[in-house]
Amino acid sequence: MALGRFAIKRTLQGIGVVWGVITVVFALRFVTPGSAINAVAPLDADQETRQAIAAELGLDQPLYLQYGQYLFDLIQGDLGFSYIRGQAVTPLVLSKIPATVELALAATFVAIVLSIPLGVLSATRRNQPVDYGATLFSLVGISTPNFWLGIMMILVLAVEFGIFNTSGRGVNAGDVLLSIVGPERFLDTLIGWLTYITLPAIALGTYFTALITRLTRSGMLEELGKPYIRATRAKGLPETLVQYKHALRNTLTPVITVLGLQLGTLIGGAVITEAVFTWPGLGTLIIRSINLRDWPLLQGSLIVIGISFVLVNILVDMIYAYLDPRVVYD
Amino acid sequence: MVSKRVVQNLRKEFRQSGLAKLGLVLVVSIILVAVFAPFIAPHNPTTQELGQAQLPPLGFSETKEATTSEMVDGEVVTKTVEKRVEANAAHPLGTDGLGRDMLSRTVYGARTSLMVGVLGTVFAALVGVPIGLIAGYYGGKFDDGLMRFADVSLAFPSLVLAIALIGLWGRAAVVLPDPFVSAGLVSGMPSTFTLPGTVVIVVGLVNWVWFARIARGEALSLRDEEYVKAARALGASDSTILGSHMLPNAITPIIVLATVQVAAIILLESSLSFLGFSGTTLSWGFDIAQGRNYISSGQWWIATIPGLAIMWSVIGINLIGDWLRDALDPGIEGEGGV
Amino acid sequence: MTEEILRVRNLTTRFFTEEGQINAVEHVDFDVRDGEVFGIVGESGSGKSVTALSIIDLVESPGRIVEGEVWYRNADLADEHRESHPDAVDGEFVDIRQLPEATRRWLRGPAFATIFQDPMSSLNPSITVGEQIAEAVEVQRRARANPRRTRSRTQGYGLSRFLLDSVLPSQHYVSEESHDHAVELLEQVGIPDPAERATEYPHQFSGGMLQRAMVAQALAGEPDVLIADEPTTALDVTIQAQILNLLSDLQQEEDMSVVLITHNLGVIARMCNRVGVMYAGEIVERGSLVDVFENPVHPYTQGLLGSIPDIEDPSPRLSPIEGNVPSLLDSQMGDRCYFADRCPKAMEVCLTPVAERDVQDESASTDGHRVRCVLADQPYNEADALAESYDWSTEVSADD
Amino acid sequence: MTELDLGDPLLQVQDLEKYYYEQDSFLDSLLGNEARSVKAVDGISFDVHEGETLGLVGESGCGKSTTGETLLRLREATNGTVTFDGEDVLALDNEEMEQFRRRAQIVFQDPFSSLDPRMSVGAIVTEGLKIHGLPATNPDVETAVDVTVEAASVDASQVTATAADDLDRVVDPENGVARVRVTLHETADGLKATLDDHGELLGVDVEEAGDGSVTVSVEVSASDRKIRRTRAGRLLERVGLSSDQLDRYPHEYSGGQRQRVGIARALALDPEFIVLDEPVSALDVSVQAQVLNLLDDLQDEFGLTYLFIAHDLSVVRHICDRVAVMYLGKVAEIGPTDEIFEAPEHPYTKALLESVPRAEVSEQGRRVETLSGDVPSPRNPPSGCRFRTRCPQVIPPDGVELEQQAFRRVMDLRDSVEGRDINPDNVRGGTAAFRKSFFEMELPREDVEVVEEALGYVVTEDWDAAAETLRERYESICETTEPVTGEERHTAACHLVD
């Protein structure tokens, strides 16, 4: 039915975007052919050896052939070969994904659980303490650089009180899940995981908690001003039903859309949070790949990020279509 | 161009909102500090006085173990001795690891951040707004094409793309002469100022999409307005309609977005310089990165003070953005970012 | 004379904005009889919609109902509040303005129901029409189940219930019977294939059909008084005719009174037994249809009737009312007849406050024809007419 | 309203069509859903004669505004021809379009969206002049200066007056000549000449040659911008606003005043033909009357030709000479206003007139026979006559003796069967029961059989067979052939008539 057709249409658009991402990434690679050779060839290699290496790497073929080859590899899931590390990019990148996803999900979870109620309360109880508190908190939240917040937390919590770990990812979410069935005590693993994840999640999540609080608050205020709210109250409906079932539901749709769009900022934030907490995720991998000028690895990571962005946005649009059917029909 | 009503709305909203007044104070102070940095900074931000390294800011004193080693009849004996380090009035905010004055570096850091923030936003707006307006006004294939390209460029997180491009193109820093110093009005200050050129270009390349989205949205709703049809009926060419009807009416949300972008770009620039990808060392992010190493040894202020400076300016700009949004009600919420 | 169901006395609602105090509704009095259609006609800015909102207590800030009484005849309600609010009860009438907010909220449904001008913007676009009507039915069903005539702010619908509803649609706040009753209501207002249409969204309905759905929703609480604020203004003339027929049929079937608010004098003529003409927040003339249409006394009513093109005879020239609608800003409204600056028969006396008075005219059916104009007592005489050049701007009130 | 002496047609519209295409984006073709066309205007023909006001009336969705805008090429027509004063407007190139734009203008409905909120009233009214570089001098208009001499020391014969040939940019020519009057008089320091009017825009100077001869020369001294603003001031005054408000902004005006600014803007280029797209629909009754009177006066003063688009029939009756009634993209009936209102031929026109509530006591409690159902969607309009799905006078095929009420219900049944709007379960409870509830009245035996047979197919959900059984017996001329308006002065597109 209509929702199905809408899903297919969105997926096709998504594939188009992924193709765009791959093309841009390829263009970046094309901009730096020289460096691929430098990475492999010894510094003092003369012109012939460089030519030989170029031929071997297939860099001397016409552009569209290289592009075709590049696409062909990608379809088979082969993100290229990292000459500097001497290993394939795909397994390397995939191994780093769980850490970044864990961090991003923790931050988003913190953001949504905190900010939606905060936004709703500050909208429905205007000019009361909760409203001023939420406004002040969200203003400071979106104005704080997350890496600096991370360092400040390390300074205060870790150095002074020492209860949190300030670097690395000793225990991960996987361990916690395993510990439910596994031998170790669930509680200890959970606490161990929390000591690692809490600071980075707060550092990364603060910006988003503030952003969603502001969005929910202004969305609710705008929705509560619309004529259908007055008509719904005129039906004698209880105020809470008017606010939650009608106003809040219609407020969530634009909030979710913006979340999808801001995913790029989330991943960007993750990269720098990982740098602060030496969190072994995709972010640290990317920074190291740039410092070592390892282009295939960088390109592989960019493509993976691009694909995840498309997937998340398709998911966001499906939720949007579920919440607001008009999207499916017009 | 700006109708009286807009000015009235702004003034009315300003009178009523304390936050708007606070925002204005914060932003104006930062702008003054950035422009007149050479006069305000007590010392040359780049001169190192190793003797005066790691001084705490006024009002704080620091007990520091210093290990000294000396030759005592043939062997090397190391002793750690308690040493109290008092703040020094010459360096109100203390000094960093290399003895450079924190206040001066923070003052010059303002210049970097504001320059990158403003230039990046202007560059992004100049690219994004015309494309967005044209795409929204004409629609059809060009519009579809733009929207797909916007999706693609949103798929690249600005920070990641920025690092990648800086890695590729290098940190092409642009060295600008400092007008006050070259005019001899002040001495002892750095005569040139390095602007992280790649960062500005990268930011422009990435953030124009937000301006294009907003401009396109406005153009889509404005093109069906009756006064646009009336202009067409008068024989106005498309360019006249775009220039004298669409742009003035679309400018409100664009200005509000611009404030959001300046704030976002300042945060981006400080992140880049924190990671060491900015073209200049005179940047708040760079100082925070330096300060990070001194956290465990107790010199907390080196990392803290630049962070507070970032918050000071970004909060100010966001307050100005809220004031514009409340007064002019452009209806854009959540758009923009890095 | 049939019994009255609603008596509005001295209703005054003002908006306290930054630009100043706006007097939207100024000391409005009118009565609505049982089973009668009482029309309120007036141009935009006359305050007719604010009057409607004031009755059902939905005036949002910066508006506030400053003073006034709204007497609603309901024997049970009167008995219930005779001791607790002695001066709010008079026989079977209760002044709902003095009742607690919870009781006034209870009135929305069983006492007053409202339909608005643009049906599309009066319904939540992302919830099906059937669900929204069933909601209204459910709320009335739960209200009737609890004897106390008050309604708490939440009535058992908290944040937890919202999460439960959206996560587990099975156990819904709105029961199955309410959904079935909603379909019956849709059928009663003449919507074909109601079961199917109930599952569709507002944007899939035409203007006419959606207004029928709004009427169905209003009937959920079997109201005594249906307040219709410009119900057919957004509709085409053939669809308008359908809705007007529907309203008059329902009015007989449900024997409810209707307060019909519109700027269209034709609609007033077709539907109403008695009419009130509003200008600048005041009811300047009221009476039976014959009183107001056949021998209007107030120059504004005369001007209004004179400026409408008549479909049956294309008179060569319309006689419009000169000047513009007043700003209602308290600082600019002198303490006088607000129509004086546009009135062709303005006299010196019009510069003083004008109270409402009866029209002594034996010929007209004396059914309470009242007017807020001196011409009711004294004929217009040229002698003390206001000078053409009278400067109206000087009369800015002192405290400004 | 002029007597019905029709001047020669200024505008001729022939089979004008305007289709919108939905779902034709690249992705849709990929998904295989073919582009659907919305026939907003589907073959409209009418003429508008010099100095006349033709009304274009119809409910929302009938295509009247689209027609108005397509005439002026604010929207591209799908096909058909629009000839304005002999030229086919749809084929004009940019150069010719500029000329056309000066002769045909438009006034819109919504006072709040028809004026650019960012422009001052002066800028709005003068925009047209600026675009066309007006006021430009017109070479074949002569300019002349009449000098009246009041100075004793100079006699008339000695005075020669020269007028700059672009005086017509300021002074409106009367019968081909832009004439200015100057008076010459003696002052303390020599001869002085003063202009009778346009003083602020024209400059005059006087030279006394040695031999006592005096030359008075007059030329335009003001800048283009000043001339335009003065002209705008005069236009504002002409539409009832004060000329010293040029620098105020639209939000400082009421709805009625803004419509007057919109009219002034349309008049700025001195057009011959104006499309009035619902100019008073958004106004209150008292203000509406003021604007209608203004439009009337302007038509007489400037000899304007109006195409008056509206949905309010009493306004149309008041202001239009002839009226075209439109329904779902086609002209249902066209003719002189009085004949249309007093002797309507098309059932839709009758229904429209019947539905309008009159502001009289006799209207009280009047029960109107309303049309059934809703306006069908222009995506798939009904075949043959588009009004057949709601027409109270559908023509039954010969051999079927059913009075109108019953036949109307048969046609409703056929529409719901073809639209599959009937829920088969309702019919399964017994075709007779369903039939009785559907038809409030009794049907002749023959018709009962056919209906029962069709309902039988509905039970088995064989929709095509059900539709075919009903179509066989009840196919009416209204659905097979499309009625067309004739050439007579008052003609309707309905089989009842032809």
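Letters are used for the chains, namely A, B, C and D, taken in the order the chains are written, and counting of residues starts over at 1 for each.
The rule is simple: contacts are C-beta pairs under 8 Å (C-beta built on N, C-alpha and C of every residue); 3 or more make two chains touch, one makes a residue touch a chain.
Everything numeric here is computed off the predicted structure, so don't read it as measured data.
Chemist: Just how many steps, at minimum, does a route from chain A to chain B need if it may pass only between touching chains?
Modeler: Between chain A and chain B, the shortest chain-hopping route counts 1.
Chemist: More C-beta pairs touching across which pair, B-D or C-D?
Modeler: C-D
Chemist: Using mean C-alpha positions as chain centres, tell me how far chain B is from chain D in Å, no decimals.
Modeler: 54
Chemist: How many angstrom between the C-alpha centroids of chain D and chain C?
Modeler: Each chain's C-alpha centroid was found; their separation is 35 Å.
Chemist: Counting only residues that touch at least two other chains, what does the list for chain A look like?
Modeler: Residue numbers touching two or more other chains: 13.
Chemist: Note which residues of chain D are touching chain B in the complex, please.
Modeler: 25-26, 69, 72, 74, 97-98, 101-102, 105-106, 108-110, 113-119, 124, 127-128, 131-132, 249, 251, 262, 265, 269
Chemist: Per the contact definition, I'd like the list of chain B residues that touch chain A in the complex.
Modeler: Residues 19, 148-149, 151-161, 163-164, 166-168, 263, 267-268, 270-271, 274-275, 277, 285, 288, 291-292, 295-296, 300, 303-304, 306-307, 310-311, 314-315, 318-319, 322, 333-335, 337-338 of chain B touch chain A in their complex.
Chemist: For a test of understanding, state which residues of chain D touch chain C in their complex under the given definition.
Modeler: 1, 59-60, 254-257, 284-290, 292-293, 296, 311, 313-315, 317-319, 337-338, 341, 351-361, 363-368, 370-371, 374-375, 416, 421-423
Chemist: Which stretch or stretches of chain C touch chain D in the complex?
Modeler: 43-44, 192-193, 195-196, 206-209, 236-242, 244-245, 248, 263-270, 272-273, 289-290, 293-294, 303-305, 307-312, 314-322, 324-325
Chemist: With touch defined as at the start, can you tell me which chain B residues reach chain D in the complex?
Modeler: Where chain B meets chain D, its residues are 1, 3-5, 141, 144, 225-227, 229-236, 240, 244-245, 248-249.
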